[in-house]
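Letters are used for the chains, namely A, B, C and D, taken in the order the chains are written, and counting of residues starts over at 1 for each.
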Amino acid sequence: MIHIKCFGIAKEIVDSELAKIEADKITVADLRKKMNADYKAFTQINGYMVAVNQEYATDDQIINSGDEVAIIPPVSGG
Amino acid sequence: MIHIKCFGIAKEIVDSELAKIEADKITVADLRKKMNADYKAFTQINGYMVAVNQEYATDDQIINSGDEVAIIPPVSGG
Amino acid sequence: MESLINVYISENPLSIDQVYQGAVNETCGGICLFIGTVRNRNKGKEVTHLDFETYTPMALKEMKKIAEQAIEKFGVKHVSIFHRSGYVGIKDIAVIIAVTSVHRDACFQACQYAIDTLKETVPIWKKEFLEDGSYWVGARP
Amino acid sequence: MESLINVYISENPLSIDQVYQGAVNETCGGICLFIGTVRNRNKGKEVTHLDFETYTPMALKEMKKIAEQAIEKFGVKHVSIFHRSGYVGIKDIAVIIAVTSVHRDACFQACQYAIDTLKETVPIWKKEFLEDGSYWVGARP
């Protein structure tokens, strides 16, 4: 099981601070596909980054169960 | 009589906050000549501006007795 | 000055004096501070307040990276980045950045670099509350 | 914010908070502050303190001109320029400039313009005291 922290508009789309994907190992690209399929609204926002263990991840990066994963919608601090 | 306020190194050169020139009317250029003749040390510093009535003056500007005149050595605020 | 880099996220009001005391250095001649405050209007609408959500541990890491990059790129001595979380009212301070350098040009450049980069990379999200609703800034087309 | 321009010369310590309170504006999102402090070394020598002499009425006029030019050139909302006179110790504040603008780029540019121009035009003179003597900065070749 992979747990995914959701912030900002992602938290509203998932309606939770945490989403779950049934997998032990998955690429960032496949996680995006899965999330976009489970929650169509993700395809209607200005994209999002994925962070793995608190670092921005590339699409080919592999996520393992136990990694800290987060969906990072467009940031707007400052 | 024209009174000339002296600041910074000018005050040290003149050894007073105020220099005097015996004239009722004088150009800025002539005031410079007079001061540089009276106090040779003025020719050894990095130049100076002359202010008339609290505004920087050009060399052809005429100073009248009663004007507020000041010698402005290179500024170094901030 | 205790350290070269200070990063901080707080639910409580930010203190300019605290940031300044951490930034001032007797070997340096200039400090550039940027203070971001909440405007009462945006895109023609009246704003009532903001709410900042933060992914705090990652945000602090990214803020630290920005500070390190600013020191490396511009040769400045010290960078502080403080950001609010939670409810922030109109005119209140959302962010303070302080950069200390021996000569002044570098502190201006590094301070602007830091705020520009913070707005691109640090995982903090601003929800803007208007009289007739609220929205996540920048989230939707 | 009481006015668009504040200029001030004081023999007493300058207060960042006072400058900030006069600069913050609910219609603006950014304030850039430059704080010039006294360095403990200059050109390889140890500095003990500075003494600033000011031609105060003309200096205030020139400071006001800089503020007006900054507002006109960069479209900023507010400019404050505060400068110390007299004895200023190491690490103490010699000058504070605060620029407030709706968007942040302008406040950085205007603040840097203001300090750069102040150092060229405002009739204020710095005497630097070293362990082995003192001199008027910039006066001699």
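Here is the rule we go by: a contact is a pair of C-beta atoms (placed from the backbone, for glycine too) under 8 Å apart; a residue touches a chain by one contact, two chains touch by 3 or more.
The shown structure was predicted, so the numbers you read here are calculated from the model rather than taken from an experiment.
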Under the touch definition above, the chains in contact with both chain B and chain C are D
Per the C-alpha centroid definition, the whole-Å distance linking chain A and chain D comes out as 48
Can you give the whole-Å distance between the Cα centres of chain A and chain B?
72
Quick one: chain A and chain C, Cα centre-to-centre, how many Å?
26
Chain C, residues touching no fewer than two other chains:
36, 115
If you look at chain B, which of its residues touch at least two other chains?
none
Pairs of chains found to touch, sorted by chain label:
A-C, B-D, C-D
Quick check: in the complex, which residue numbers of chain D touch chain C?
16-17, 20, 24-41, 90-91, 102, 104-105, 107-108, 111-112, 115
With touch defined as at the start, can you tell me which chain D residues reach chain B in the complex?
36, 52-55, 57-59, 61, 83, 94-95, 115, 118-127, 136-141
List of chain A residues in touch with chain C within their complex
5, 7-9, 11-12, 44-46, 51, 54-56, 70, 72-78
